[in-house]
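For clarity, chains are labelled A, B, C and D in written order, and residue numbers in each chain start from 1.
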Amino acid sequence: MSFNTFGHLFRVTTWGESHGPAIGATVDGCPPGVALSEADLQPWLDRRKPGTSKFTTQRKEPDQVRILSGVFEGRTTGTPIQLMIENTDQRSKDYGDIAQAFRPGHADITYHQKYGVRDYRGGGRSSARETASRVAAGGVARAVLAALVPGLRISGYMMQMGPKAIDRSRFDAAVIEGNPFWCPDPVAAADWAVYLDELRLAHNSVGAVIEVVAEGVPAGLGAPLYAKLDSDLASAMMSINAVKAVEIGDGMAAACLTGVENADEIRMGATGPEFLSNHAGGILGGISTGQPVVCRFAVKPTSSILTPRRTINQRGEEVDLITKGRHDPCVGIRAVPVGEAMMACVLLDHLLMDRAQTGGQRGPIGS
Amino acid sequence: MSFNTFGHLFRVTTWGESHGPAIGATVDGCPPGVALSEADLQPWLDRRKPGTSKFTTQRKEPDQVRILSGVFEGRTTGTPIQLMIENTDQRSKDYGDIAQAFRPGHADITYHQKYGVRDYRGGGRSSARETASRVAAGGVARAVLAALVPGLRISGYMMQMGPKAIDRSRFDAAVIEGNPFWCPDPVAAADWAVYLDELRLAHNSVGAVIEVVAEGVPAGLGAPLYAKLDSDLASAMMSINAVKAVEIGDGMAAACLTGVENADEIRMGATGPEFLSNHAGGILGGISTGQPVVCRFAVKPTSSILTPRRTINQRGEEVDLITKGRHDPCVGIRAVPVGEAMMACVLLDHLLMDRAQTGGQRGPIGS
Amino acid sequence: MSFNTFGHLFRVTTWGESHGPAIGATVDGCPPGVALSEADLQPWLDRRKPGTSKFTTQRKEPDQVRILSGVFEGRTTGTPIQLMIENTDQRSKDYGDIAQAFRPGHADITYHQKYGVRDYRGGGRSSARETASRVAAGGVARAVLAALVPGLRISGYMMQMGPKAIDRSRFDAAVIEGNPFWCPDPVAAADWAVYLDELRLAHNSVGAVIEVVAEGVPAGLGAPLYAKLDSDLASAMMSINAVKAVEIGDGMAAACLTGVENADEIRMGATGPEFLSNHAGGILGGISTGQPVVCRFAVKPTSSILTPRRTINQRGEEVDLITKGRHDPCVGIRAVPVGEAMMACVLLDHLLMDRAQTGGQRGPIGS
Amino acid sequence: MSFNTFGHLFRVTTWGESHGPAIGATVDGCPPGVALSEADLQPWLDRRKPGTSKFTTQRKEPDQVRILSGVFEGRTTGTPIQLMIENTDQRSKDYGDIAQAFRPGHADITYHQKYGVRDYRGGGRSSARETASRVAAGGVARAVLAALVPGLRISGYMMQMGPKAIDRSRFDAAVIEGNPFWCPDPVAAADWAVYLDELRLAHNSVGAVIEVVAEGVPAGLGAPLYAKLDSDLASAMMSINAVKAVEIGDGMAAACLTGVENADEIRMGATGPEFLSNHAGGILGGISTGQPVVCRFAVKPTSSILTPRRTINQRGEEVDLITKGRHDPCVGIRAVPVGEAMMACVLLDHLLMDRAQTGGQRGPIGS
């Protein structure tokens, strides 16, 4: 888990800049013999693809993924899988203004200070475009999980746009794919459409909260103490561009609970332990309980906006900067498939680590 | 960063169980030539030590740390530093009830399911006692940071106990060390004392929010995309027992901001860039800006309480469980020095990674 | 250092199969600001390229390397460098015979047993073609070393072909590049040409010994005890296809020495310690001494030969196998630039690790 | 695999100096539920223990190992196992002469140059005493292997002392434990006793070659390309103090073979493939074949000798140095149990990696 590589055993190294010839991911450690083709990956990429509504960047990228290695006659071979996505719609001329000036709230200044050189075109390496590589790699993880843990289901959706949260009582999984926000509350979705349009026209942007839930996760995934399942999820989600917070289960609200309230009581079900609540978000002591794994994260508003903001340039001059180019008014929208992809990668990685150490056997209860 | 090791280059491997002969940390990758003795580490351990007030566990542990290797004639040698803390006040008889039954909200059940065997005495490896090892290792990191970055200061405090948050307008750093809660608001501290005493007598416990701030962090620490400074902080803090959420800068509240509000505008100061606000918490694109690094985390309430909760045992029988033994009514209190220790470890680790890759040089601004 | 990634901080992940669309290397952790272009890498690839003489495989591959990321306006940016080499001359029909049968001495059988599926075309992932990716990555390492340690020089050559060793008294660095064997002894080179031609026509192949020497390596690179410079060199060289042994300094012959003979005595020179001999091969206790780092490795003969050998196929049938296709009669020849590339990668990796831990400062002698 | 940690999943971090209070190993990633006690480890330590004959150092160390964590009620818990061995017979006064002067052939000078400070007492961290920690960790690996792969047997012995090699035709496994050299040739053992005694009395020392063989290793362990089984063995053996070369199978001699000779032909046996020879040393393409894994390594002569050698000291003064203290005239002898321990650690590590990636399933042959 270092620099541009994510994962312990299922290891994803992403590479590429927003306006270079291509981006991609090198996936190492994939189990062999799993059916995989480009057609299995493309649908996930299509969900994250820019330009699908007026609420995402108008850059036109087909985001066509190619598998260059590691798959033979339709099955993974256990060797590295190279996933490449060519960049086709780079308009580098849009970015002249930020070649020298640093966008407030953006990585421009820190990349410059650390490296002394940066590919400023579209944010270069720090562009959210990198997340396409994660989604591709997540597609590989999903294919493996489907083979190894057939009942596992990962689902992401947006919980909140700016200050506007969904009403959980209206939660309807069926509507998530039916609106441009992956919103499970149809009333909120309609409200957000108006709200975001106003912001967009006002040359502004806004943050969001995304929730990703994995159901059917076997008990026993995770490890103490620095490879906890929740520790790795926190690292995974916080590594996504613009994320500023990660919660597991009740998250920040857990601070408000008493021990009596927080205890997820346990009863004996037909096939094993059953929990009467899930404040823990499916993880105790860093190890999965078998309940749904629940993870939320907050995405800050897009920094690239058409409203002028005060900043400096490389020469140390104070300037006012408007960021032209094509940007998402709410980058949180496209973070939904990215969060799902990271969840898939983390779960598969921990599944492999678990079968390494324990062989996949579980301590018996009641038998 | 795997299983029981934390860090990329400054690597801390903790070991030991709550009721075994000793616990400790193996610290590898420490820079050589840094003045270090047991006397440098002990004060940090004393801050975390149990039994210092009625608000923490009454277990009496001197938490005396011994340096078994890696230091010669008062200086680090660059070889592994073994830190050992003997356990002296183990009352294993307290734990008969949980040898078979699983405490709700606790790692008992997941350790059993994953490993098939667990040291149930005091929670074994999942005990918060492990955090003493982190504090010792953090003391080593602090000594190195003091030598390499003299102006760096790390400060932790409690922001919220249960639903009771501090009033930031009353923030007074001087009172933090003067109350048993590391609370920077003297009014809140007094209020919490009454509140927690009631909870304790009611055989209950409560959660908390801790904030850790590092000032004087040089710009340029961190790396894209999976070794971001914030990604590693998230992993570090989430790895602490009972933590359920991690925030950087504005954290979850960043979701509510617009891009106009969120932009930390930049002006040119006497010695370099100056930011007019710090919504980012000192980190942009995973790399430090030079502003204070601000990290918060939520700790859930202690699971071991004297109020009976419904659960099952290893035989699959449904039981009601009261957890005897000596427990913290608000385990968040002692998480303050632990959070500081993790911050120190993360910052030093990134300082070493930065000088590996860049040699510590910074891209110039305005010169 | 796991699966398909080499290195601790300068990390090279190679990917690709002999007969897939492309092969390549993802280089992470590269220092920023180093001048780099495809033209800097191509000469190293040209040295390893097949088909340059009748003594190497007749496969025609231009081995043109493309840089897809991590370089901007002619300088490294510190982000991952993706190096891609397209495969252009795949004649997969040559490999029908080995789709089912396992070549003796080859990885066919072990890949099948481990993964259950293998890309048999040209050996797939186990093909020596993978080493082109190493040479490309080594070119990046060389460019960085040239910037950071200007005096450092890496030179590889063949010491022995089959039983025919060079005569060290005829060693002439100037002839190395002038014969198809990278042989520093002109008499041996002429002898080998006849010998290898006979073997080739007899449908046979032969092994070799390669030596790689790095001069100008600063003292102090390496680390105890499992990241020793020699330990990492051993791992690096043994990871090259067909290598069966690695020696440092006197290597196996060190076993025959007495302590009196083996002691590289030290005198004080004008600029620091001077050693009177170099049995150690420039490494003591896993750390470089400042003397030339000397590493040798043995390459076994090519397994793919036109002489029939007894084997089995996937159905368990016993067969006699002739390996058609285009193969090197002495794969050791093309291992010379590969060994140099691995030396470059190891040295740079250790240089970065050293400046991480020590900041590059050296303990003073005599001042 | 970095600095003082060995292994990918079964990770051993050794710590401690020759003359500090204790040395030890932190073993992380151990499978749970394996029977383990100090009594299981002690016999392996007793084999390496100093002072067992006049041919090893006369330092008297009981090398009593204590398990401080990770084992509960006689079984491993899956959490870190801390192994501690107290140092009891430190005579630091012996080492006054080398506090300032650098022993030729020894790590004194490189540790000084790299770290600026070194624990000179008995060589500190670079002492062969560190290998006791490896043997203890290897004992844990053996216990796990015994549980997971019952038929696996690891056996080490000395093949050569100085220029005196054994005669393989006299190889008798039964005599290995019956002489102080772990020599499988009784004639050579007698010869070596006279030879080494003469060297010892002449204040000299000598090198050795050790062979370690593992039988019953399942096919399929190892991975391309930088985590090859042989690559990791090379790294493991080269990390042992004083080792200068590592060979797999025919090793350096493989260079002399033709492809016809080198091909280990395969026939179909009752239970699977059978190889007619084992030039490969049980490894093809970095993956085990199921044949015995054969590894050899050369140990240089002990650098600490009573014969004066020319050197310098920290002040840059040229001096003649005699190394007093208690040293092994042939440190290769005690390297035998160390080589076995490293073999055990590598095999277990790869067994865990294999079941992570493949689940332990094998591609079928003939069924």
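The definition used in the following text is that a residue touches a chain if its C-beta (ideal position, glycine included) is under 8 Å from a C-beta of that chain, and two chains touch if they have at least 3 such contacts.
This one's a predicted model, so the numbers in the text were calculated from it and none came from an experiment.
Undergrad: Starting at subunit B, figure out the least number of steps needed to reach subunit D through touching chains.
TA: Between subunit B and subunit D, the shortest chain-hopping route counts 1.
Undergrad: If I rank B-C and A-C by number of C-beta contact pairs, which comes first?
TA: Counting C-beta pairs in contact, A-C comes out ahead.
Undergrad: For subunit B and subunit C, what's the span in angstrom between their mean Cα positions?
TA: Going by mean C-alpha positions, subunit B sits 45 Å from subunit C.
Undergrad: Would you mind pulling out the distance in Å between where the CA atoms of subunit A average out and where those of subunit B do?
TA: 26
Undergrad: Where the CA atoms of subunit A average out and where those of subunit C average out, how many Å apart are those spots?
TA: Averaging C-alpha atoms per chain gives centres 38 Å apart.
Undergrad: Would you give the residues of subunit C that are in contact with at least 2 other chains, written as numbers and ranges?
TA: 2-5, 14, 29, 32, 78-79, 114-117, 125, 224, 358
Undergrad: Any idea which subunit D residues touch subunit C in the complex?
TA: 1-6, 8, 14, 102-107, 109-117, 125-126, 130, 160-163, 199, 204-209, 219-220, 222-228, 230-239, 241, 244-268, 273, 276, 279-281, 283-290, 298-305, 307, 309-312, 314-318, 332, 354, 358, 361-367
Undergrad: Can you name the residues of subunit C that touch subunit A in the complex?
TA: Within the complex, subunit C touches subunit A at residues 2-5, 11, 13-17, 20-24, 26, 28-29, 32-33, 66, 68-70, 72-73, 75-82, 84, 114-119, 124-125.
Undergrad: Could you pull out which subunit A residues touch subunit D in their complex?
TA: Per the touch definition, subunit A meets subunit D at residues 9, 29-32, 78-79, 224, 352-353, 355-360.
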